[in-house]
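Each of the next two complexes has chain A plus one other chain: chain B in the first, chain C in the second.
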Partner chain A sequence: MDLVAILGLNVVNGAASLFLLCLGLAIIFGMMRIINLAHGEFVMLGAYAAVIAANAGVNIFVAMLIVAPLFVGLVGIVVERCLIQFLYGRLVDSMLATWGLSLLIIGLVTTIFGNTMQGVPTPLGGFAIGAYRTSYYTLFLLAVAIAMLALVYGVLRYTRFGLIARAVMQNPEMAAVLGVNPARVYMATFALGAAVTGLAGGVLAPVSGITPVMGGAYVAKAFITVVGGGAAIISGTVSASGLFGFVNQLGAYFTTPVYGEVILFVSAIILIRLLPQGISGRFFKGTV
Partner chain B sequence: MTISRRSFLKTTMTASAALAAPAISTRYAFGSEDPIKVGSLLDQSGAIASSGVTMVTAMQQGIAEINAAGGLLGRPLKLFQYDTQSNIQLYSQYAQQLALKDRVDVVHGGITSASREAIRPTFDRFRVLYFYNVLYEGGVCDRDTFCTGTTPAQTVEKLVPYAMKKSGKKAYILAADYNYGQITAKWMTKYMRDNGGEVLSVDFFPLDVTNFGPTISKIQAAKPDLILSALVGGNHVSFYRQWEAAGMKDQIPIASTTFGLVNEPSTVDAKVSEGIYGCYGYFEELETPESKDFVDKLKKRWPQIPYISELTAATYEGLYLWAEGVKKAGSIDRMKVIEALESGISFKGPSGEVKLDPDTHHTIRNAYLAQVHDRKWNVLETFKAVPPSDTASVCNLIKNPRDNQQYVIDIKA
Partner chain C sequence: MSASVKLSLQVVAILVACVAVAVMPVAVDLFQLMQFTLFASMAVLALSLGFIWGFGGILCFGQTAFFGLGAYAYAVAAINFGDSTPAILLAIIVPALFALALGYFVFYGRISDVYLGVITLTVTLILFNVFNSMAGDAYKIGTARLGGFNGMPAVPTFNMPFDPSSVLFPEQSWYVTGGALIAIYIGLRLILRSPFGRVAIAVRENETRASLLGYDPRAIKLGVFVLGGAIAGFGGALYVNWGAFVGPTIFSLSLSAEIIIWICIGGLGTLIGPIVGCFIIEYLISQIGSQQSFNSNLVLGAILIVFVLLLPKGLVPTIRLLLEGAGRLATKGRGQAPNAAPDLSAGQPVGAE
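Take a look at the complex of A and B:
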């Protein structure tokens, strides 16, 4: 019984971290068809922002939940204005440009802060379920994931900004005719995606190794999840990260971490073969 | 003023002779004494850069010192360092470049075992003397190659029984999923069994694994007395942090063959690193005059330098061992230097007396067992002149000079 509970918690934790990592990418890729290969570096910038703020004496939760997304959101605005705005509709060019951007960010961070970084302690401590121990931080990650889910869903579904953003993504010319400035909406949406990614980096900082190249570990999984999820940002990302988190965590527990990764990638290939439009292309049509 | 053809020629010829004079005279000065070329392949960017950057400082420092003392055989040394960017493909490419284009006289370099095995065949083929100055899993038996770092018989053999004595007989092994981790896990298993212990499970992790939740649950289900870790790289540091966050830190002790080789004790929180055991050929905290002198020199020249570990000390000592060999041979001819190095060369470096073992081309060196306390290594025991007995049990280059392979220990399941 304890084992079932702890495994359930592992699965939920795996899915929640995957969801947080993917949400920003899903917003940018799903709404603007920009393949942001610098996604992992946005995660890294979020982690660095949180760690540097916390080491400078800012409360750790403020650093993770406010400083990290604000900083990476600002970086997102700069990147969009200087680079991405010229690349809408040019899928291959956007991949090349953002890949270059990722190298630039890694180089800059390495030059400024060196190859390693003083981390922050994990807050909140641990608790026991029967014979097993785990950290309260696992539950905190889950809470943040649920809050982000609600927030992004609320913004896209119920606010005027969300309505305009979705309209621009569907048909920019028609939206422009109706008096919306698509360029500004793209900028805001890109910044939102970057900020959400920064938040993911911030909350993962206390449980990760912080290095300038840490983004590389996340980017492949994030892309697979977004593609597996399909066009709908929220329902697609939730269902895909739930599925892949489940498969990966249980695979790692019952076999080895090596096969956990293998099983994740094999199941992703099968999924995309069976559902080329992603999960939401088949099951959650017309949702956000 | 009119310029005649003759006066124009006169002035321009004088001018060009004057301009060319420094080049001709320096050329003349070094004419018979071209620099000795020292090749170096170390990662200064990418995932392994945290190890490589300090190793490059050791190379630069050693070469500057040798040059300040008049060079070798009256000739200065010149360093050819290429940044391999943590990329195996670049290792192969730059190895060819060093051997064929730069025509270096020796190469020091390679960090991961994967990188060493990528470049070693190139240096064998093109007859370039090669030094690998990193602790590794042992077993390389190649007359062209010298391995100056520690091997499991020098460190794991001391670490495992010590940690068992402090904890218990059941261990759970975590290791990185490439040749270093795979082979080191076998040595850990061997030394556990030799000391009457039992290995509950061996788990391997690809280098990009960051979520250790399932592993931590598995460890709790297995209830070991001790964790043995050969985890590698920045992503794997997550394990130690998630382990502490789950409150397991005080329940089961950790002994590692990799933790602290970069600067983990000072980058993770003090609670995370406290009490972890390690055994290496060198620690920055050693109090010997050679060690203090070495640390002072590096910190003075590079004030931002991170922790100075065995990687850095062994690189420095490897360079000096080669220099001693060249001095003794009186030549930079590869075969003459190898024969000189096989005559029992030794060097007193920051880690103490380091002696080249002629049979294995490995080193007989001191090993130090330490425990992290308050973000620093607290050296608990010193083992003097430990031989590389793992490699020595399978490799004898004096008897079989044509041997060329990496032996792997065979552990029965």
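Take a look at the complex of A and C:
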């Protein structure tokens, strides 16, 4: 029974981390059809921002939940103005340019901070379920994931910005005719996606190794989950990260963590083969 | 440029390349010769992706999967047989069969575009994870231990066909690698001139139109993909011959990224472009690595961004356009009509340059 509880907690935790990691990429891909291969480096920048702020004496939660998203959101604005705005509608070129950007960011961070970084301890301590111990931080991650889900859903579904953003996503020309400036909306959307990614990097910083190349571990997983989820941002990402997180954790439990990852990748390939439009293209048409 | 001028230019270029391969061991010292051998083996990999992406329209993010499989197949077979001849054949056959299976799965499922990129990338990650974890005595094929994350050291290098006692010297290895690169280039040129190559380009341009004309785009793409996989696998064998070592990092994301950078910089839709891009970038990386003043990621990233934004066609097509412009000016000066004959020489991508 304890084992089932802890395993369930692990599955939920895996899905929640995957969801947090993917949400920013899904916003940028779903709204703008830009695949941001520098996504992993945005996560890394978020983690660095949180760790540096925390080591400078800022409260760890302020560093994770406010400093990291703000900083990466600003980076997102700069990147959109200097690079992405020239690449709308050029899917392959945007992938190549953001791949170049990811190398550039890795190079910059390595040059400035070196190859390793003093991490921060995981806050909040732990608790026991029967014979097994786990940390409160897993519950905190879950809470952050749910809060982000509600926040992004609320923004896209119920605010004026969300309405305009979805309109621009569906038909930029028509939105422009109605007096909206699509370029500004794209910029804001990209910044939002970057900020959400930075937040993910911030909250994952205490539980991951902080190196300039840490993004590489995330980008492929996030990319696969977003494509597997399909065009609808929230329902697609929730369903895909739930499914893949579940498969990954169970696979890791019954075999080894390495094969858990392999099982995730294999199931992603089968999913894309069966549902080329992603889960949301098949089951949740017309949702956010 | 008329077709005959283009053809004679190509022949001249190939002759120059042959001469360069022949005199290289005399012109440079051994260390540089080894470097060039490495670059040439990677250029074979560049050529394979340049072919399937530029002429088949298949953006494969995981060409290293075939490169690495070829390298591992060569290493395992060479250790078991002690002779490199069957090992080289296996290094071509194993990745080709893998490409056949993967390509059947993908193309006959009508997966294209980004989804194809995701699947090939994922396959590479799977291979990386699997080969990385195959350490210990449990994982061996014949007498060859796969070695997990440590890789397989001391792999026998190339020998004279069917004569394991006479191992090739570095100079001879250079002749084999450089010669193979030129041979593959010529072979791909000939394929592009053949009916199959023309149909492949037609499929890249417009799949629907090609299928309405009675061709099966799925089969054509599969053929191009398998050919690309076989060439990449052979490149893997050449790579192992250079270093006598293969490890799981051959499947890494960064090598996959590098191939795409070579092609972007050299020029998509040409065969010479990927080779040029590969040599330039690899030379640059080795220079940066020996100087320690800049981080190589920083430089590579900046180069890639600049090329995508300012020179999206790549070096070779840009230079070709400049040359054609100059040639047109010259012919105008002599009072001839520019471009009198429609220029449709085979092998050159029609329309999409």
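Heads up, the rule we're going with is that the second predicted complex is superposed on the first by the 288 of 288 C-alpha atoms of A that agree within 3 Å, B and C clash if a C-alpha of one lies under 4 Å from a C-alpha of the other, contacts with A are read in each partner's own complex, and residues count from 1 in each chain.
The rule is simple: contacts are C-beta pairs under 8 Å (C-beta built on N, C-alpha and C of every residue); 3 or more make two chains touch, one makes a residue touch a chain.
Given the structure is predicted, the values throughout are model-derived calculations rather than measurements.
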In the superposition on chain A, see if there is space for chain B and chain C together, and answer fit or clash. clash
Quick one: classify A:49 as touching chain B (first), chain C (second), both or neither. neither
May I ask you to decide whether A:185 touches chain B, chain C, both, or neither, giving the answer as first, second, both or neither? neither
Identify the partner contact of A:23: answer first if only chain B is touched, second if only chain C is, both if each is, neither if none is. neither
Quick one: classify A:67 as touching chain B (first), chain C (second), both or neither. neither
If you stack the two complexes on chain A, which partner ends up touching A:6: first (chain B), second (chain C), both, or neither? first
Taking the superposition as given, does A:101 touch the first partner, chain B, the second, chain C, both, or neither? second
Per the overlay, which chain contacts more chain A residues, chain B or chain C? B
Touch check for A:218: first (chain B), second (chain C), both, or neither? first
After the superposition on A, what does A:258 contact: first (chain B), second (chain C), both or neither? both
A:92 contacts which: chain B (first), chain C (second), both, neither? second
Running into chain B, out of the candidates 8-16, 26-34, 188-196 or 296-304 in chain C, is stretch 26-34
Which residues form the common part of the chain A surface touched by chain B and by chain C? 107, 110, 216, 220, 256, 258, 261
Residue ranges of chain B in contact with chain A within the complex: 45-47, 49-50, 53, 86, 177, 203-206, 208-211, 213-218, 220-221, 233-238, 241-242, 244-248, 251, 262-263, 266-269, 271-272, 304, 306
Would you mind writing out the residues of chain C in touch with chain A in their complex? 59, 105-106, 109-111, 113-115, 117-119, 121-123, 125-126, 129-130, 132-133, 253-254, 257, 260-261, 264, 294-305, 308-309, 312
Complex interface listing, chain A residues touching chain B: 3, 6-7, 9-10, 13-14, 17, 107, 110, 114-122, 124-128, 131-135, 137-138, 204, 206-211, 213-214, 216-218, 220, 249-250, 252-253, 256-258, 260-261
Interface residues, chain A side, partner chain C - complex: 35, 83, 86-87, 91-93, 95-97, 99-108, 110-111, 216, 220, 223-224, 227, 256, 258-259, 261-262, 265-266, 268-269, 272-273, 276
